[in-house]
Amino acid sequence: MTDALLQVKNLSKRFGGIVATDDLSLDVRQGELHALIGPNGAGKTTLITQLTGQLTPDSGAVLFAGEDISSLPAYQRSQLGLARSFQITSLFLDMTALDNVALAVQAHAGHSFRFWAPARGEAELRDPARAALARVGLGERMNVRAAAMSHGEHRLIEIAMALAAKPRLLLLDEPMAGLGPEESARMVTLLRELKRDYAVLLVEHDMEAVFALADRITVLVYGRAIATGAPDAIRANEDVKRAYLGEQKAVTRHG
Amino acid sequence: MMKQSLLSVRGIAIAIMLLLLALLPVYSHATGNIFALTLFTRILIYALAAASLNLIMGFGGMMSFGHAAYLGIGGYAVGILAHEGIASGFVQWPVAIAVSALFALVIGALSLRTRGVYFIMITLAFAQMAYYIAAGMARYGGDDGLTIYKRSDFAGLINLSDKVQFYYLCFVLLLAAIYLIYRIVNSRFGMVVQGARSNEKRMQAIGFPTYRYQLTCFVIAGTLCGIAGALLANNTDFVSPAIMYWTRSGDLMVMVILGGMGSLFGPVFGAIVLLVLEELLSQFTEYWQIILGPMLLLIVLFARGGIDGMLGRRTHD
Amino acid sequence: MLLFIEQLLNGLQFGLLLFLLAAGLTLVFGIMDMVNLAHGSLYMMGAYFAATFAAWTGSFIGGALLALGATFLLGIALEFIALRHLYGRDHLDHVLATFGLILFFNELVRLVWGPGGLSLPLPAWLTFPVQILPGVYYSAYRLSIIVVSLLVAGFLYVLVMRTRIGMLIRAGASNREMIGALGINIKLLFMLVFGLGAALAALAGLMQAPILTVQIGMGENILILAFVIIVIGGIGSIRGAFIAAVLVGLIDTLGRSFLPDLLRTILSSTAASTAAPAISSMLIYLLMAVVLVVRPEGLFPASRR
């Protein structure tokens, strides 16, 4: 209980007749990589957006480091140390990779009502941004405009921006989406390194990656958590096999 | 290499333009061409107004269609005080600045709740309200406007009735405004405002309360334009609701887009081109707008990035 | 009381006229995502065409029909030559390009018809007052504007809600890619919708013409009103445009006729007579500001794009 960094308590959200999140409870502990899996439409991204504060749940509570953050706006949650990467790449495309990440640093460097000094000359902003880009392996590419970079690189910038926000918890929404096999392997290596330093809540479709990386896994079906446990326990769970893994295998076999 | 040489073409064009603007009163004095001096004084004032609009529109992505309202507010602050017998510029100008800032604060606070076309239209609506308020002020001329019999008096520091001194005042204020905008857009504040133009949702997700930054930016722009309004009223010795009419806001937008959105010196190019063209075409034919109109259309269709874009500046897209 | 009923009808008439203008604007806006400032120019052209053709044919109806056809064709030509190249562009590009078109049309009219303006005489068979309630008389012409506008509104309702084209229009307003996916000739659909909008604007212009004069710039003030209406109503929503138009028409007309008297009770009579028109002109913008502050996407937002 005490070492839970993020606690989600009985969260519910419905859109009209559709229940997107159904009395959901889970927690992410310090130093843990907790993976969230489930078929398409299980409500994974909806859950993430409720955690970050872009969407308000109908009922339930979100606790971060023991503090109830349910009614905080997105930017305040982010300042507490909740960093999110987006499933669909959402960058400042007309800026360089470094500018992108430097903005993420700036968000956590006090208020920005500073009108005179050139921001691109401030070591306080640029150095952490360079470090974050170097950490994800984009050190050489930091002065390229984001619009001119590949999809895989965009995913890495996303991670770098999350890192630059001095996070305590990383919410990674499908970081491997759309990556080729080589890029995926690179991302798995990166995530394995990151989980040493940060608590991570990982939403991912790539089962191989999930089972290789996760300490615990929660399976979401129709907005409800049907099982939570270590990878082996999840693999053996009959409900999960029926609801999710079986279907997934069938799909991949056809594909 | 390529980019380098293009950049210098652009640099040279800007330098030449500034040099010519600085030397214009000398030319006017030597040839006795007062008309050029009058025209370019007006151009400098409009360039200042357009530069302020460019700050929110080009850098901040806030498409205000009511920017001419601040021209009117700055102008009426000078006009009304002069009418009431207060000719001192040390009173008139701070009032013009304060009222413009206050108006921008109120308008911005309400308008920034909306986005996209709704923002364009609500800023237009507020400007139209200001227009009708001015038209309804019977004491200050109503529809017919207000003649200013004495220009702002700066206690001998500068004489606004002297055409050359007034020209250089406008020139210096324009350069100061552009320098201010240059500092602002490259500061932390400017990064936030430009980030919000590029991807507002993401800015909020990484921890920026964008609204208050955008509002601050909106107020700065409105205030700068209010100064242009005070200059304009002094220049024409007259202020009327017409300077707030929505087509005037349209003119300012045209200058910004013509010059190149989000380009520091673009609005100056835009103001020069639009107003000189207006002057030239109207000498050529009484029906000059029949040429100007389709030209605007062609510029939109074929010359994206405006004049500064043609000079080789890369536009953000 | 009599005056109030008359002004109420005047407000309704003005509102319905505004609806004709706003309907075309909101269709073009909702479907093509196109801000067309030159819509007011089409309104003006409709009035000029009608005045010219009516003088030529000697018949109000004949002139009106020819003007509708001419403006429809003008709208289609405008779409084909200029505006279709702007679809998918930034709204700002639309504003700038169509701002240029306004300048063009104003000067074109000055060149062709001169700066003086024209008049379109009321047809003799519509100049008498009609008794609408016992003891209450109202101009037959204004009444016929109300009837015609309501008929057109009904026609639009049937067109949009009951026909295949209407289904496409609605689909387009909420999801532009979908029409493409249905394999419809979008270019043709857009062109026709634009022509229809132009004809509606012309109808508004030519019906208003006998009441006011036909002059350069007549389209601009009313265009802003039409924009206010579609913003209040929610962009792309015909129903919203209808309700907002009637609302705006009533507020504007009633404000203009009763505000001076109201103000006179608190202000001196000269101050009231100058302030009243300004305040009543402001009322509409005030309404829009209030609506947008409370509902940033208008009263009836079309389903999200």
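The first chain written gets the first letter, and so on, giving A, B and C; residue counts start at 1 in each chain.
Methods note: a residue touches a chain if its C-beta (ideal position, glycine included) is under 8 Å from a C-beta of that chain, and two chains touch if they have at least 3 such contacts.
Note that this is a predicted model, so its numbers are computed, not measured.
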>> Once you draw an edge for every pair of touching chains, what topology comes out, line, ring, star, complete or other?
In response: line
> Which chain pair has the highest count of C-beta pairs that touch?
Replying inline: B-C
>> I'd like the Å distance between the centres of chain B and chain C, where a centre is the mean of that chain's Cα atoms.
In response: 31
> chain A to chain C: how many Å between their CA centres?
Replying inline: 50
>> As a quick test, compute the distance in whole Å between the mean CA positions of chain A and chain B.
In response: 44
> Along chain B, where are the residues that touch chain C in the complex?
Replying inline: 57, 63, 65, 110-111, 113-118, 120-122, 124-126, 128-129, 132-133, 135-138, 142, 246-247, 250, 253-254, 257, 261, 287-290, 292-297, 299-301
> In the complex of these two chains, what residues of chain B are touching chain A?
Replying inline: 183-184, 186-192, 194-195, 198-199, 201-209, 213, 216, 316-317
>> Can you tell me which positions in chain A touch chain B when the two form their complex?
In response: 52, 54, 73-76, 78-79, 83-84, 86, 90-95, 99, 102-104, 106-108, 112-120, 122, 125, 147, 161, 165
> Residues of chain C touching chain B in their complex?
Replying inline: 29, 35, 82, 85-86, 89, 91-93, 95-97, 99-108, 110-111, 220, 224, 227-228, 231, 235, 270-271, 274-279, 281-282, 285-286, 288-289, 292-293, 296-298
